[in-house]
């Protein structure tokens, strides 16, 4: 695809590029992923019917027993391989509809009604199972080899909040590798280009700044910082007051969480302190499919206007849909979530990263790959990877600063920024004029 | 899919499990299947247009010449590989539409209109053909290596009957291996579980028995017996009279025939002698597709009520279809034919039988596999397999007993039960109460 | 597929048969194809939106820059592999929407807005590109290794004409190998069979001849002649006047052009001199897909009636569509373009030519394969293949004679026939009766 000389990718890095997107059991990256808790579905979606779920390339069935307790089992009954998706919910477990073998949530076979009364065959059967927890409207599972004594569930700070209302939106299914998404997030530089293609709803007073930004493709100043939870990208913009900066931090918690904090994500001309406390997580289905589950905290002090998150339901941007545009997505420009979908999907189901030509602007991507690589190494060496702790309380605290900060309080390192609870309004210089970096 | 220790499947049995579902030429099971006659289509479906049919993994074309004589040829013209599906019916054969090469029903090339008049090229061409017979509304073929002198057509006893009306129903296409179906039939134990999930149309007076049966999952007493034609499963239930038993036999004739004899198949609480004389056969398309062709004899003494056989056309059971049920088959429970479809399909296109954990209740399946295995061995050793005879009249007589029988007349062995023509009514004990095993 | 003894295909020929249909880079046939100019799309279809096009198994993007200049690049941006189908047209090239890397039509990277101002990384990037030319309403490209100095564009004589109006029709997409089409054209013998299946619109006065022709499948006398541009098939039919013959020539210019000259293509009973000057070319997408682009010259002296070319939009022939006809194409007979589609497609995506049984009537196909083979050999040996010249003016002149000619002027050899501009009307013998060969 390039006339350039074949990039000389060192063989160890080439091997890593091949391994990175794999999610199945037995793969190096898949084993790393199995050391973290993963969302299975929203609690409200799992009712009195078993539900097939594919997780990390494994076909499973989620169910609630008659008492409402959730379980997660291998989808095929180990007896004659019928699918437990068509099993029957029973008080104490899930029964295969074919011959009645019944399993509890830990995979124990608790009945085989067609076997002789004195048979102990059922005691020899242990079906594939994974532990589940329900917390804050989400069903979570842990698929690691230490599933009998897993590390504590990583409780996302935003979801844990009680000073507002958390809304969750699921169902945004993608047909490509989850790393296309993650690398997009680790690479905030793309925003001034991709999300600057069309900006139609800029207030009149900001148009001059916006035009300037578009015309000059001003790259954002970005720092990529490894943290306890993963990494964050920090942007520090000058304001009219040399003692005050406008700062934004976007964070990724390895391996599936992202955090978003600004209405316009802090890109010029956004100097509003109006805050968004939200983000999301990925349900990895297999190497080429994932689902996005987004969440947002609605509370006093956060952005009060009409707020939608995720894709527009008609997958339409604000650009004109031309009759002769035969592409899958026509008129796609103008909505950031759709712009990201289109570009990520266009990279291919699993991009052949050996063909890439990375540049300075890819430092975020490189940082992320280094962190993923270290986690894979740690797991291969029998250690817990970044973000997994056996001793902490399992809370997942992620830096989400967005707003103005005094230079003396600036923290670009791995520690979290000060809270932005009191921020507000646009920044104006001493003459009352809007300013930007 | 199981946390149990990997079943130690002996390598010879493992090899058999891999071979069993194969149907193509050159496979051990496929060669066995080619020693029997197979249904191609209902006679009425083959009119004046060639019809593509895939049989045992081979792409063929069925046709009638201008005189109505049927033929079965390889689908691609051996000249330039155009499909004879688009050929033209001629008085004496089928003509390829591309260059006019014409074939008779035995694959002889009888014209090549674009070749020189004195060319003898056509005499050197012999196209792939299989012998066909039309009998009782069905077109049959024999695809064995001895197709020039095949064994006599196995004439199904029910179809041969003239004391009633035989109805045939085709078109029930399945997208999985035919053995999922056959093993389901060899394993009648599943019925009390799967077909007992929902029983809504039980007469009031039978409800107590039914409830008891459902609550206790009473397994049926089942005997599996190898016979001349294949195997039968026999269930003997006690009645109020110790001298009288209620007996049911379900039969499989290797490799594609099944026989059904009772309205409710003789499962509790069915002690009616009302008889069904029907069954069906499988048109094996390839390893993962087959078509069911069912037949039934309607005559005096057989079940007189409204009778439908096969799947409900809307693939709906009697269970509620819940709005949040996103499974392929929602509300599927309550109709046995649909229940069987759902469970068989759920086992997978070709189940990986090495992952099974067989139990006592799988004796029927094991019996069937043993019979199939012996037939494969016989064919590999140059012998005719079970059910094939060069000297008999080719009739296929299958035990289909259903009803009450005196203990002195009980025959659980391979011989057929006495005819049930005179049976009738529900069984009551000395006090006039309904009885069951 | 045949009971005949396996044809003993010599291994070198067998190798050729396998290689012939391949079109991708690195294949022997694909490398041969890359020494010719190929149509990419009609000019009018390429507007201000990038358009993904697959050519010879390569995924490319066609675009016009802001000044309307066309370009053809590899579809994936070499930076992070995003698709340039979603790129943005800029004045001087095409910009990737993800990070703004911008390319000119020769694949030079002319901007990387997120890189440091003093970076020279962009000078090290050269993206895959192919030269394009626009001529007579078609965008053409050359994908050979000598793309920097390609041979001149082969300018099709009919398209170059200015004494009439040329109409182009694109969009006839096929799901099989392009050679199925080419071999059909090289084999005009098929016409009396395939296109004679149903002839409903024969004028009353011609019916007697037509009936005779159909009944006797009179093969056409056909000569296959290798020419400078490829090959032509010549048919010479007797007329009532021994000094006058009725002649038709159908031509193929290697590797993708065909030429058609008669309304009824000169098959009996067509002795009209009414001329068609048209033909078409193939856009090879990959091994199993191609698009037909047809053209026709409308001018005084050419067939004046209503004229349609290509497939009927409803893919319906003139034959009855029977309710029980379940074939993909029912009622397909009667329209030659549809008849050809049906039979070509029926040969399979890539026919397994080793199973063929060629005959005398396949001399045209054999001639064509020999020419293709020689061209592949020439390219493998570093020579320009047939039809490619570095020194000529690049015009593609193809014999398209159709009509009556005096015996003294007959040219069956590679040279072109005399112009048929003055022909006209049906031929009648001395008694005023219609004549034919």
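The letters A, B and C name the chains in turn, as written, and every chain counts its residues from 1.
Here is the rule we go by: a contact is a pair of C-beta atoms (placed from the backbone, for glycine too) under 8 Å apart; a residue touches a chain by one contact, two chains touch by 3 or more.
Just so it is clear, the model here is predicted, and its values are computed rather than measured.
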| item | value |
| --- | --- |
| Partner chains that chain B and chain C have in common | A |
| Same or different residue numbers at the chain A/chain B copy interface, by half rule | different |
| Centre-to-centre distance between chain B and chain A (centres being mean Cα positions), rounded to whole Å | 50 |
| Residues within chain A bordering two or more other chains | none |
| Residues of chain C that touch chain B when the two form their complex | 1-4, 183, 189-190, 192-194, 197, 217, 219, 322, 324-327, 329, 332-333, 339, 342-343, 346-348, 351-353, 355-362, 365 |
| For the chain A and chain B complex, residues of the former touching the latter | 45, 47, 49, 51-52, 74-76, 78-83, 85-86, 88, 97-100, 107, 112-116, 119, 121, 124-129 |
